[in-house]
Structure formats: structure tokens, C-alpha cells
Amino acid sequence: MSPKKVSESLTVMTEIVLPNDTNNLKNLFGGQLLSWMDRCAAISAHRHCGRIVVTASVNNVSFQLPIPEGSIVTLEARVSRTFTSSLEVFVDVFLEKNAKGARRKANEAIYTFVAVDQLGNPIQVPPVVPESEIEKSRFDGALRRRQLALILAGKMSPNDATELRALFFPNEKQN
Amino acid sequence: MSPKKVSESLTVMTEIVLPNDTNNLKNLFGGQLLSWMDRCAAISAHRHCGRIVVTASVNNVSFQLPIPEGSIVTLEARVSRTFTSSLEVFVDVFLEKNAKGARRKANEAIYTFVAVDQLGNPIQVPPVVPESEIEKSRFDGALRRRQLALILAGKMSPNDATELRALFFPNEKQN
Amino acid sequence: MSPKKVSESLTVMTEIVLPNDTNNLKNLFGGQLLSWMDRCAAISAHRHCGRIVVTASVNNVSFQLPIPEGSIVTLEARVSRTFTSSLEVFVDVFLEKNAKGARRKANEAIYTFVAVDQLGNPIQVPPVVPESEIEKSRFDGALRRRQLALILAGKMSPNDATELRALFFPNEKQN
Amino acid sequence: MSPKKVSESLTVMTEIVLPNDTNNLKNLFGGQLLSWMDRCAAISAHRHCGRIVVTASVNNVSFQLPIPEGSIVTLEARVSRTFTSSLEVFVDVFLEKNAKGARRKANEAIYTFVAVDQLGNPIQVPPVVPESEIEKSRFDGALRRRQLALILAGKMSPNDATELRALFFPNEKQN
Amino acid sequence: MSPKKVSESLTVMTEIVLPNDTNNLKNLFGGQLLSWMDRCAAISAHRHCGRIVVTASVNNVSFQLPIPEGSIVTLEARVSRTFTSSLEVFVDVFLEKNAKGARRKANEAIYTFVAVDQLGNPIQVPPVVPESEIEKSRFDGALRRRQLALILAGKMSPNDATELRALFFPNEKQN
Amino acid sequence: MSPKKVSESLTVMTEIVLPNDTNNLKNLFGGQLLSWMDRCAAISAHRHCGRIVVTASVNNVSFQLPIPEGSIVTLEARVSRTFTSSLEVFVDVFLEKNAKGARRKANEAIYTFVAVDQLGNPIQVPPVVPESEIEKSRFDGALRRRQLALILAGKMSPNDATELRALFFPNEKQN
């Protein structure tokens, strides 16, 4: 399968935070943002491979800025790397200030999808080619994140997770 | 603050998977489940501490079983451990078969919340007392998960993450 | 068909009252609560018989406490009695005070469902066995409520409604 | 307060049954219809008295016809009678056949509302004047329904419920 | 096909403006009103012809009055004229004052629908017979609006648009 | 006020057509698309002027392609021209084929907004500078559309609508 650029999977969503999306502090519910990020990421994964995709996992997500009612929120999703039938997607969330201010990064999340056929069986996807610095950095990190997930799921021995060891224990790498 | 039992924060939600909640395979969207789990976990955290709580992070979530349209889904959330002003909550998701079959575990997720006052400032929460085997196991694991999150955020040195080292590299522990 | 306990059909739903659920006094719309109670009761009836169930009627429902925006509402539904293919279900609604207070009973409603096959034809359901005092009291009352409904629908003569006469005209019973 | 005609409170709502409104038989959920009827009845009560109204109770509702997905449903609500600060409202539900057929009555329900001021305290409402045969019949029946509700709530002795005795036990009336 | 009266297609919808329907000024979003008007107009067109109808175009819509949160909005749609397989529908929007005030016209819009068969192919519809003054005026105007639309779409020469010339350039008509 | 480029107001929204968004042919409701276009256009107008904007009018919208359930729809809105306190916004709608096909233009609409202050009074907005060919063409057309709207509203004499006369009656222009 011929590889695709990261930028070909760029998916942009713009949402307004409505009253039903907010908690008692009148800020956006975390769960509503998780749902928007999943939808944006799924479309991005679909654009990369042209297949039905199903959410496989959500990596560690940290909520950094409270997002008040009435805010305009922009989500940008891009495929960062693929493995056989799975696709890792980064979602960057930006908050637009109501009064002309510059937009600020409010959140970042990593979702993993599996491409499936009409019966739900996994199916191979094209590789992705990173171009910019941040695309390359996310591409490299994907392998470490995958090793971490496999170890946590008991499907890989820590000794084989060479990339991950380098991340956590830089001194040991030289041994 | 006087501690509370895990069982005091038990929160149960029952949902039916409606057509708008499903993808092209007629299975539940991952993002919709993430949103339900967040809401259930937030109520559980609120029951433990009686304060407004905001989602701080979502730990690694794996989607195990596809959940078809029309399914009855039951979510059970419980506070597993607290740290100063943060609360870790486990959500167990069960799928009820449409025809009398026994319910099956479909998913498990871990959310972290921060308790805040009316101005959004962090505020201390009571400790939690695990009783059953699984409650104790989740209580112990919470420390390792917290160390992992701190390392990933660059806020802790790997050398200080004694609990985490034991998880990933059991042989090193003895050194 | 082997009978089932009332407790086997217990169904719990937890909801937060969002802005769109409220009237101009910022209290929960009665209609929204009716809809939640119906859904909770339908799942309870389904759990008892494992069949598709359709709402047949709603008995007298009184709204006792106003439920303000932001409240956490818990619904508990249980099958109280069955008649051939119909199931009577009680729904108890509790209001959780936002600040640590004990929960209060806010409402109580009785729904009747009919179990149907895939073509919509009525189908027999298992009997239910009441155990606690309140379960027995609701089980006994179900017969009177059924007689009242049949008379109101013109399908039973008042003279045959022996249980109902006892309720309304206790002195006549002895005759 | 000057009385108003029943027809002045007529409120018409037209709805389409969408996929999310239906059960596994692809028919309208009872709970969704209960919610629409409440909203339509509340606007009718509001039109009669010009006040905020809150749902006080729902009388016996029977679901007669299944209403399939895609149906056009018309609701008509009218105030049938008032008592001090409460208003009884009838809702008639009609089902429009998709292919040119005449509309059929699908359901009928009776809701009771209480008019309140901005603080939620009950406030007096104008009387209603029935004109047509059916309006008069519903006006008369309202008193019997009110007596039944008071007896069921333990707020009236059966001996005082003269209207109700006539309904249930016509022969006793002559005594 | 036998013609129908305008009044036979009258469709009434009543809506309450909920918090999620409003912008930062707490007035109804224009887009939400556009959506309600389309639904009301589509049911009216369907009632006229008994066929599936799809929105073909929306003519110039002006929003005249802001509609605040909590308002009761009434929409009335009527078929004004038909052309082969297309139907022009007028929607009048009324705003009901919260405190007993008389209702005011808040908006007016014109939608055009095409009647189609199950495969989506256009299908002929019955003519409409205007009766009142306003019905006749709207019937006559429909031809000019159609000519304007055809010219804007490049499907008619301005010289052939005799009705439209009369509207814009009354003096030229006499030539 | 310093002018802004058209591209600075570009707003992108991506939506999936869910079951509740579709008619009996399983295609997107026109009204749902009108609502999405209004929201996207309003954010674009807001980005241009940094003010609250309210929908003033919708120009002729033609629905060209049916959009089936499950489709991914992309909306792109840009401010095309401003007049004192009003902003004309073009929305282009694209349909993404489910299986890797190239995206196709499905619709185009023109909305007009008015920028207002916190009290709802009109407020001046910056001019816009068109750069590309299509931006210039839309900028020029905006004046003709404005004259057409003013004539239709009876606020301009046809003799003063020089731009519009040129559009409809090219031969007369030379006189």
C-alpha cells in the first residue's frame, strides 16, 4: 500500500460550548470533550485508510485549561503512525478567546483505532510519512507508547521493550 | 477528614444504545462510551467528597467488546484512591445480552478528578478505605499509575518511581 | 415459567439535571422525568422477562419535590407484580443534595408494560415473588390497581372488583 | 378573574418520530410520548393562565396504537377544568398515516398542573367555560377524577366523594 | 390530480426556546429557527401531496425580532403554490409573550420542496387553490419568485421573465 | 478599523450524518444542514469582527446533492464582504465519499449577520480584503445581492440599483 502524508489526514472540527455541555462551574464537561475528540480522531483515521475504524484505546489524556460556556473550541486530528491494522491519532484542542485574543492550546490527546472490514475483522492500512519536526517526533514516540500499552496488557516482556526502556531509564540504555 | 469506604461512592448508570450512538457497523461509538464513563465517574467522585469535581485526566482505556445498537449497558464507578485533592475512579462497564444471557464485562477505565471550590481552586478530599480484594488491588495500583503519570509529565525522576520500577522490571527490584 | 424475585429486576439510573431539562424556575420538567422513569421501568421489565416490552399505561403519578438544575437524580425500578403478559413496575426517584446531605424521596410512579414477541404479539411472562414488606404491599396493591384500570376502561363490572371495593368502601366489604 | 373558553388554550404540536425515539420494534418509546404530551399540556395551561405552570400529576394514560418510526404525530392540548390554582389538561394524540390516509386517534392523556409565581408559590387561575359536548363531558369528569386522586392520596373520605360513587356504583347512587 | 385548498396543508408547530438553542445574548440561534421552519414546511408539503418531499431551496429569509430564551414560538406552514413536482411553502413564525401579551409575527420564510418517489425521482403533485386574500397574493408572487430563481441559476433569460420585470420595473411593463 | 483578509475568517466544521439527521430516504434533512451552515457562518463572522453576531438573513440556498446517512460533511465558511455593521458569509459544503473517493461540492449558501454589542445594538465591523479570484468575484457580487435584498424589502428604488440592473438587464446598462 502506498504511504500517505500526515497532512492528508488532517481533520478540523469547530464546536461551541452550549449550556448542556457544562458542569456547575459553567465549564465544559471532560466527557463531552472526550467524545468530540474521539469523533474528530475517527474521521482523521478514516481519511487515512478509507475504511471503517473503531476506537481501540485512549492514551493518557490531561485536561489543562478549563473551557467556559460559550467558548469556540477547535479540534485538529492527524494520524501520527500506523501499525499493520491500527492507527495512532493525535488530537490538538485549541480554545478561541471570545474577544479577539489569540487561540491557546487547551488539550492534547492520543487515540488508537483499528481499521476493520464490513464484518468487523481487522484489515491492513497504509503507512504514514511524517514531514515536519513535530510529525517526526510524534511518529517516533508512537513506538514507545505501543510498547507501553503491550506491557500493560501483558502482551510484551519488559526486556523486549527497548524503546520504552530508553524513555524511562536512559542510563540503562547504554548497558 | 474521616475516611470513607469505597462502596459509599458506588454509582450505577444504565443506558440503552440508541441509533445516534452508533457507527457504520451499528456498534456504540467509543466517544459516546467515554462520555458516559466520565459522567458516571464524576458523580462517584462527587459522592465521595461532596464537592464540585473536574476531570483531570483519563488513563489508558481499552475497548474490548463491540457493543451493538439496542444493548443495555450498565456502568459502575467507584473511587479507588485519593491523593490530597485528586480522586482516582474506576469505571466497570457491563453489557447485558438482549436475550436473558448473563452480563459480560465490556470495558474498564480509570479517570482522575480534582475536587475544587466555587472558584475552581483545588480542595482537600477524604481518604478512602478499601475492603474487598479487588478494592485493595486497585488502591495499591493507584500509586504506580500516579508515578507513571508524573514521569510522563516530566514531574518525577524515574529513579524515585520505586513502585513503578517494581511493576515493569521485577528483577531490578531486588537490587 | 419459574418465578423470579423482585430484586432480580432492580434497575438503577443516575442522571444530572442539565439546563435543557429545566423550566423557567430552573427546576426539572415533569415530562423529562416521565421519560426517564419510563426508560428505567422498561429496562426493569425487560430484565424480569427477557422480552421486548412496550409501555401499556402510566398510573397516577404525583410530583412531590421540585428538582433544581444541577441535581443528581437516582431512579430505582422494580417489577412489583405480573399478570399473564403484563408487568407492573414501581419507580422510586431520589434526589441527592448537592452538598453531602442525605438523599430524599422525590417521586414515585407506577408503569405497566406488555411483553411482546418480534411481531408485537403479547407473550407470557414469569410470576414475581415479593420478599420484603414493601414488596409484598406493592404486590397486593397491584390487583386493586388492575381492577381500577379495568373498570375505568369499561372492561370489568364494579360488582366483580372485590379488591377495589375493599379499598374505597371498607364498610361494605363485610356485607 | 374573568373566565376563558376551552378553545383559547388549544395548543398544537407536530412531531416526526426519529430513530432515537424508537424501541427495538421501531415504534415510538412510551416515555418520549409522555414527554411530548407534558410539554404540549404545559404550554396549554400557560396559555390559559399566563403563569409559570409545573406538572403536579399525570392521570391514567393508556397507549393504544403503536406509532412507527417516521410517523407524523399531532398533539392537541386543551384546559378542561380548573380548581383554584390547579389546571386539568387533556391531550389528544393523532397519528397521520404516511400515505394520504386519514389521521387516527392514537392516545389520550390527562395532566394536572399548578400555576405558581416566581417563587414557586401556588397562585389562583381563571375558570374555564366549556362549550362543545366533549368539552362539557370532560369538564364534568374532572370533578370525579379529582375526588379519585384525593381519596388515593388519603385526603378525602370515600363517603364525601359523591361524584365518584356515582361513576363506579351507579345503583348505590339512588340510595 | 384534483386540486387541494391551501388550508388543507396547514401545519402548526409549537416550540419552547431552551438554553441550548440560544446564543450569547440568550436569544434563539438563527440556525435553530431555520431547522424548525424546514421541518414544519416539509410536513406541510407532505400533507399536500402525500409523498416524500426533499428541501430544494430556501428563499430570502429575514430575521426580524430577537426571540429570547424561554419563549414559546408557534410556526404555521402552508403550501402557497405548486409547479409540476415542486411545492412552495410559506412559514409564518409567531412569538408568544411570556406574560399574557398578544402574539407577534417574528419571522416569515419561503421554502421550496420537490416531491419524490421511493427512489428519489421527482413525481407530479396536485395543484393548490388559494381562497383568502393573502393566499391569493402569495400564489401570484410564487411565479415571480420562481422566475427570479431561474434567472439566478442561469436557466431563464431575463426577457422571458415577464412577471419579474413587472415587479422590479413597473414602468417598463407598459412598453 | 484595519481591514482583514478573507482567509482570516475561514472556519471549518466536520460533521457525520447520524440517523436522527435523516429523512425517510435516509438522506440528510435540509433543515439540519441549514442549522450547521448557520453555526459555521456565525463563527466565521465572529472571527472577522470579534463581536457577538446575529443572523440577519439567509439568501437563496439550493440543495444540489442528496447527502446519505453516515456521510462525512465538511463546511467551510468565509466572510465575503462587509457593510457598516453587517457581514456577508459564504458557506461551501463538501461531501466526502465513504470509500476513498474525492470530495464533491454538495451545496453553497450565503448568510448575512449583524455585529452587535452586549445590548444588541449594531456596531461597526472592519472591511474585508479579497485576494483570490473567487474571493474577488464573491466580493463584487455582494453589492448586487444587497441591492436585491433592499428592493425586495422596499428600502431601495429599482432605479438606484445600478449594479443589479446590470446583472438582470445587461443591454439596459449602456443606456
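A few comments on the model shown:
So that you can tell them apart, the chains are marked A, B, C, D, E and F in the order they are listed, and the count of residues begins at 1 in each.
The definition used in the following text is that contacts are C-beta pairs under 8 Å (C-beta built on N, C-alpha and C of every residue); 3 or more make two chains touch, one makes a residue touch a chain.
This is a predicted model, so every value here is computed, not measured.
Identification of common neighbours of chain C and chain D yields B, E.
Farthest from chain B in terms of Cα centroid separation is E. Each of A-F and A-E has its own count of C-beta contacts, and the greater count is at A-F. Between chain A and chain B the centroid-to-centroid distance comes to 20 Å (mean Cα coordinates, whole Å). Chain B and chain E have CA centres that are 51 Å apart.
The centroid of the Cα atoms in chain B and the matching centroid in chain D are 45 Å apart.
Residues of chain F in contact with at least two other chains: 19-20, 24, 39. By the document's touch criterion, interfaces exist between A-B, A-C, A-E, A-F, B-C, B-D, B-F, C-D, C-E, D-E, D-F, E-F. On the chain E side of its complex with chain A, the touching residues are 19-20, 24. Chain E meets chain D in the complex at residues 11-14, 16, 39-40, 43, 46-47, 50, 72, 96, 99-100.
Chain F makes touch with chain B in their complex at residues 18-20, 70, 98. Those residues of chain D that touch chain C in the complex are listed here as 23-25, 27, 29-32, 34-39, 42, 52, 54-63, 66, 111, 116, 118, 120, 149, 151-153, 158, 168-169.
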